[in-house]
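What follows is a short report on a single structure.
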Amino acid sequence: MKLTVYLAGEIHTSWREDIKKEAESLNLPIMFVGPQENHEVSDNIGEEIYGTQPGSIYKDDAASDLNNLRTAVMMQKSDIVIALFGEKYKQWNTAMDAASAVSLGKPLILIRPEALHHPLKELSNKANVTVETVGQAVRALGYIFE
Amino acid sequence: MKLTVYLAGEIHTSWREDIKKEAESLNLPIMFVGPQENHEVSDNIGEEIYGTQPGSIYKDDAASDLNNLRTAVMMQKSDIVIALFGEKYKQWNTAMDAASAVSLGKPLILIRPEALHHPLKELSNKANVTVETVGQAVRALGYIFE
Amino acid sequence: MKLTVYLAGEIHTSWREDIKKEAESLNLPIMFVGPQENHEVSDNIGEEIYGTQPGSIYKDDAASDLNNLRTAVMMQKSDIVIALFGEKYKQWNTAMDAASAVSLGKPLILIRPEALHHPLKELSNKANVTVETVGQAVRALGYIFE
Amino acid sequence: MKLTVYLAGEIHTSWREDIKKEAESLNLPIMFVGPQENHEVSDNIGEEIYGTQPGSIYKDDAASDLNNLRTAVMMQKSDIVIALFGEKYKQWNTAMDAASAVSLGKPLILIRPEALHHPLKELSNKANVTVETVGQAVRALGYIFE
Amino acid sequence: MKLTVYLAGEIHTSWREDIKKEAESLNLPIMFVGPQENHEVSDNIGEEIYGTQPGSIYKDDAASDLNNLRTAVMMQKSDIVIALFGEKYKQWNTAMDAASAVSLGKPLILIRPEALHHPLKELSNKANVTVETVGQAVRALGYIFE
Amino acid sequence: MKLTVYLAGEIHTSWREDIKKEAESLNLPIMFVGPQENHEVSDNIGEEIYGTQPGSIYKDDAASDLNNLRTAVMMQKSDIVIALFGEKYKQWNTAMDAASAVSLGKPLILIRPEALHHPLKELSNKANVTVETVGQAVRALGYIFE
Amino acid sequence: MKLTVYLAGEIHTSWREDIKKEAESLNLPIMFVGPQENHEVSDNIGEEIYGTQPGSIYKDDAASDLNNLRTAVMMQKSDIVIALFGEKYKQWNTAMDAASAVSLGKPLILIRPEALHHPLKELSNKANVTVETVGQAVRALGYIFE
Amino acid sequence: MKLTVYLAGEIHTSWREDIKKEAESLNLPIMFVGPQENHEVSDNIGEEIYGTQPGSIYKDDAASDLNNLRTAVMMQKSDIVIALFGEKYKQWNTAMDAASAVSLGKPLILIRPEALHHPLKELSNKANVTVETVGQAVRALGYIFE
């Protein structure tokens, strides 16, 4: 049994690499997918494909067309979604991806610092598993294969 | 044709009252529902029903049981969801409710200040309508009945 | 048993009035709903709510936000969809509404002049009933109540 | 991750070959599928299998049986649908395929000349991505794999 | 709690009247709906609305358009389906309606003479309740309200 | 907003009456439905309708036909399911009704003595709310209307 | 693209072998699956696994448990269903399989002698393709790969 | 055709090994999956990943997070579910898994001693096949491949 896991969440730290390494060291048969991690590319992809837009809202709207296309395709291919919330940033698209996963019947693992639990409590309540570290999330993935 | 509209979003301002008044002044046949707006009640409802919990995470988890029950029931009764994002707060449960609405096939109207568009761009892209003011949202509701 | 019927299709002729009159004369317990029939209002509703847009594509995109919101709400309330294709115009949104109805499991009645059958043959094949006149469509509705 | 993409739209130009070539030059792991592109075969397939029909409407109806069978099978195998609208023709089956894709939860990329945006605005609004050229569409596909 | 029950099956005997009378005598709050019971009307409704067809297959195909439209609307309004098989006739549309009900998640009550059980065994196996008489079926409906 | 609540669980104590009284005293606009509470009737309903069966397994199978019919109809009419587990009995049909509710997207409130939590932990984990007393469950219902 | 096709219908003639041979001669990449074709095995499988039953109804009920299990698994694996009706037999399980396929969104090809069209007209109306011979059905399958 | 079968039920006997051996001896192309069979690991997995919890209810709740994650992933990968009920234990999670399988449209085979049929009668009624021994269940699986 091979699994595909979508890694939703912040793109400013190396947490995706950490997860992949830990999963690899455990020989878990998992393919990880995720969003565009180059922030600039992610913000500019709309204008790159559509051409210059008449203002920042329109630029953002164009970029989100492509980012949502990418996420939609990958999430449908995924068996599990892991969503990580960091200390900074609004991360509303992370919350959106996590809630979409739940609605699509995809199991959800939430990673967040304990300090953020209060504003995430309703989402955590819908997740299958809520942990604080990348290591715990990989341990949860590993339990599926034991 | 009567509609039920769920009002997701911050509970620290009177925006729900504003929407209700404007809709009433237009004689729109709409029933509005929404979350518990008393913040303290919303935070304490878990311990009130379950009894004292052994720490804040557990207290939050208990509260979210009840808040998610309430939202689940009301959202299934709703024809449209309006989600408002304000300048403050994490509002991840608002993002969660908005994304759940989209996944359930419920039309979504997003209200946010233009300054917040960038972090909301992917969610806005999934919404049917994105506006800045309560008045615009009511105008959109009104268009359905024209 | 009361039914709600969504009337998709061109807004430049009075066919919706004709259907309503014929249904009324047969005392069919049907509520008819449909799109905004004032073409100008339909084209301008986006700018009216969002404000002036930076070009016609953006104006169109804004208008379609509202038109799709309206249609989404009404179609979910409908038991049957009637889609009429006239001699003129592209009418791609009519084809879209008709196909959406089929995908949502809503029975579809197609009205089109015989001359348009060839380009509509695949859509006609998915419809429950394909006729040439408004009178035939109302007769089909009437058969449900016989 | 390999993807299957259904190419809906006109069958009188070589746009499908163009897409395949561009995708191949980018080494995108995509299998493209689509409708019968030989117009005559597509129109006559019903009579070829069923025998001669008693008139053009019946011939069309027979042909659409087979064309819809083919599309239904292929669309269910597809991860993404690209729909291209050209300057000519009614293309109502293209609109139907595009709307069906959206209803089935398949991401949709729309290609149309800017001049056709107005009549396509509601469909464009439901698409994930709307572009003018085949090259832009392939660039959007490529973004999924970056 | 009021229920709507669709009565699928043969139209040559008065079993629907029998069910209605028995249910009424028990004061069950049930609305019964069903197909066109006038066999001739059911067979001719296609030509009546579409005009004369070029042969019996085409006449049948036209009639089934209307009969399936009627059934589709009514079955979606129904909470339960009762399907009766008699000694005569092919009754394949009864089997079709019964199987559609199961697939739509509508509870199914099957009425058939014991002698017909063998060819109906797979369908009976999917039904919630299989009985021999109209009286038993009404007794089953009554049990829901006890 | 009126709600319908299905009360799954043991039929040997008066807990359903307790819930109804408490809900009434709070003026909650709720209609309660549930299984046949007369154990003997529930066990014998199959033979009563089908006639004597050739053994206890067959008698049980016949009875469950009718009990599942009743539950299927009522659960589809319900907005919420409450499942109560008592100290005695296997109560596997209660677990079945509770799990079905979750799968159907109906919010679930679980009532069980704390001593039974261990064997119910996976089901409790899927429920929205888990409490020990009927009073707590009604309080949870009340919170929806606050 | 490889397809799996379920062959529903009578088990007393060699039509399945004919289809397989014709498909093979066209090199169609299709795996065919279907019901147990040994009539005696199909009738006795229930008693073989459960032990002797107390009468023919119970024997039939036991057999249908296993036959429906087999069909359920295979149909979910299938991309297309072909249902053949012959001159003899009630064939209600064929009608059931065909209607289930339609409800599950699986394309349906119906094979029946023209003489049987009248009683099959409503089912034919729901099928994608209706033909008279095995050869026509294989030709329709072939069209998907052209 | 290869199948994946989820084996729900008690983890204190070697019935899973027995099924695997019998299936292997028949060369059935089946992959079997199931829950964590080490009872202690299953009970402690929550605390192992989350850290020590403030009481047994919380420890159970944590463990069920992981157990339900594992089951959710595996059940979605499965074509069939087999649920075994033994003489001992509450086995409510087995009933939950079995009911979830039915609701997800996965065929269900129930294994239980005849003595337990009465409390399992409603669940048995929803199962495709109900038997007493592991051997009978494997025989049922084998019938699918005959």
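Order of writing sets the labels: A, B, C, D, E, F, G and H. Residues in every chain begin at 1.
Keep in mind that, in the parts below, a residue touches a chain if its C-beta (ideal position, glycine included) is under 8 Å from a C-beta of that chain, and two chains touch if they have at least 3 such contacts.
Which chain is which protein? Per UniProt: A, B, C, D, E, F, G, H = YtoQ family protein.
Source: prediction; values computed, not measured.
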Steps needed, at fewest, to go from subunit A (YtoQ family protein) to subunit H (YtoQ family protein) via touching chains: 1
Degree value of the rotation bringing subunit B (YtoQ family protein) onto subunit E (YtoQ family protein), based on Cα positions, nearest 5: 180
For subunit C (YtoQ family protein) paired with subunit E (YtoQ family protein), centre-to-centre distance based on mean C-alpha positions, whole Å: 31
Rounded Å distance between subunit B (YtoQ family protein) and subunit H (YtoQ family protein), as computed from the means of their C-alpha atoms: 39
Subunit C (YtoQ family protein)-subunit D (YtoQ family protein) separation of Cα centroids, rounded to whole Å: 23
Cα-centroid distance, subunit A (YtoQ family protein) relative to subunit E (YtoQ family protein), in whole angstrom: 49
Residue list for subunit D (YtoQ family protein), restricted to those that touch at least two other chains: 65, 68
Touch list for subunit A (YtoQ family protein) against partner subunit C (YtoQ family protein), complex: 54-55, 58
Residues of subunit A (YtoQ family protein) defined as touching subunit D (YtoQ family protein) within the complex: 4, 31, 33, 36, 41, 45, 48-50, 65-66, 68-70, 72-74, 76-77
Parts of subunit G (YtoQ family protein) lying in touch with subunit E (YtoQ family protein), wherever the complex brings them together: 56-57, 60-61, 63-65, 67-68, 71, 85, 89-93, 95-100, 102-104, 114, 116-126
Complex contacts: residues of subunit H (YtoQ family protein) adjacent to subunit G (YtoQ family protein): 1, 3, 79-80, 105, 107, 109, 128-131, 136, 139-140, 143-144, 146
